[in-house]
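To start, the structure under review is shown below, and the notes come after it.
Chain nomenclature is as follows: A, B, C and D, assigned in order of appearance, with residue numbering initiated at 1 for each chain independently.
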Amino acid sequence: MKTGPTPKYRYTLRMKVRDYECDLQGIVNNANYLHYTEHTRHEFLLAERVSFAQLHEQGIDAVVARITISFKQPLHSGDEFLSCLNVEKKGVKYIFYQDIYRLPDYELCNRAEVTTVCVVNGKLSAGIDILDKIANQDEP
Amino acid sequence: MKTGPTPKYRYTLRMKVRDYECDLQGIVNNANYLHYTEHTRHEFLLAERVSFAQLHEQGIDAVVARITISFKQPLHSGDEFLSCLNVEKKGVKYIFYQDIYRLPDYELCNRAEVTTVCVVNGKLSAGIDILDKIANQDEP
Amino acid sequence: MKTGPTPKYRYTLRMKVRDYECDLQGIVNNANYLHYTEHTRHEFLLAERVSFAQLHEQGIDAVVARITISFKQPLHSGDEFLSCLNVEKKGVKYIFYQDIYRLPDYELCNRAEVTTVCVVNGKLSAGIDILDKIANQDEP
Amino acid sequence: MKTGPTPKYRYTLRMKVRDYECDLQGIVNNANYLHYTEHTRHEFLLAERVSFAQLHEQGIDAVVARITISFKQPLHSGDEFLSCLNVEKKGVKYIFYQDIYRLPDYELCNRAEVTTVCVVNGKLSAGIDILDKIANQDEP
């Protein structure tokens, strides 16, 4: 058994499958992994004192432009897991690298690359200071 | 086989179960019936030229105060159904009576009573004209 | 500010709103409260060493027959809350009393009564021992 | 205004945004696009007389291995849209090309490539006849 995820992550959220997230195949429905990764990004931002909801009220929307997600192992009812995240800025894009590991065996369940951009008052922005500062921090 | 729902309804929407709405028991998860009934109310209002989203932008929110829902028969993958609605106003409340029938046998699947009120700029309202007019129409 | 929920509960789960659970009104969509209460029941059962998913695999399905839920205060993005539960058996029914309190002010957000029954191999059951034992325990 | 999607598709499903699918940004939450594309695949299969749920009961699970999805334009409350699909087989993979167009202007909203494989009794399969036959049909 592995002792933990090999790559280093900026942020890790421990979560647990909820039964309503499982579909008739008895495994977590794919769309819920986008929920998990979105929630992890927002919790990461909150930990950095940035609220997605407050940004929206200020006319700043972080929007997802592209997602690539590979499914390795399904999660089942009762499974706990780690939702892990790194982020970097490339041009106007904030790219989140998000991996989910099943507990307690640290099996990689899925791996996502989520490309986001900032839209300010309806227009594509080159980025906003508060997010640039977060994205440019050194990895742990 | 019955030939149709016995009660008369103001509005009927034909829908179909989507597989992701089914949970590990292989039947539609209960929470989705609230989705079905909400969507039916909003489509009913649109048919009466009232948009829930536009009301919200005008500071008018129709909010649900209470739901009572009885589950008679579950819906399964592939099932089509009729989502039927009546409405009446009682005091400040708009009460929606919403029944779902499985097709093609018109078996009653669930029966809900949804009590809503209008909140205008954050305050409970006695009702708004456009909804009063809809709720006070004679039943078909 | 209150110091905690006044009624005594058998089981309490601390949860947090996820942004994707909020709808265009900026508050948690009503259907998600059924998700919260279902997850709380299943976690309660797990704490009592009963798995909803395993029961299903054994041909035993706990199904919801009726829900009454009153909405007092909405939850918003970022809110944490307590999802609290009591249960009693009446005839063939297991009735769950489920209240949700917003943190940190213990404001009551909603109050639900969820009536469930057991279906064993497709037939309504008078109840199953393991659940009867849980339901008949003295309240705390 | 365009008169329709330029590429030719094997299958097209007309759908409409439901308000509960919109999040606090007032647009359809990203995870719901996976719901739309899954539902479209399952309806396509049903039109070809293949039931996803029945396959599951026979021990055959079509599972998603990888999704790449680009978001071009968001959908809003009330929007109707076309969910379009092509499919081809490459090795053991069935690759679905799925595009969503907003109505009535045929604006491309998102473009997804969904790679699926068949798992039969828990083991990766080279494919199953009934799906191979569908995937190998000539494009329209």
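Note that in this section a residue touches a chain if its C-beta (ideal position, glycine included) is under 8 Å from a C-beta of that chain, and two chains touch if they have at least 3 such contacts.
Since this is a predicted model, take the numbers as computed values, not measurements.
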Relative to subunit C, chain with the most remote C-alpha centre: D
Comparison of A-D and A-B by number of C-beta pairs in contact, larger one: A-D
Distance between chain centroids, defined by C-alpha means - subunit A, subunit D (Å): 23
Inter-chain centre distance, subunit B versus subunit D - centres from mean C-alpha coordinates, in Å: 28
Rounded Å distance, subunit A centre to subunit B centre (Cα mean): 34
Where subunit D touches two or more other chains, by residue: 19-20, 22, 24, 26, 29, 31, 35, 38, 53, 77
Interface residues, subunit C side, partner subunit D - complex: 19-20, 22-24, 26, 29, 31, 77
Contact footprint of subunit B on subunit C as seen in their complex: 24-25, 29-32, 34-35, 38, 53, 56, 61, 63-71, 74
Partner subunit D, residues of subunit B touching it in the complex: 18-20, 22, 26, 35, 38-39, 42, 46, 51-53, 76-78
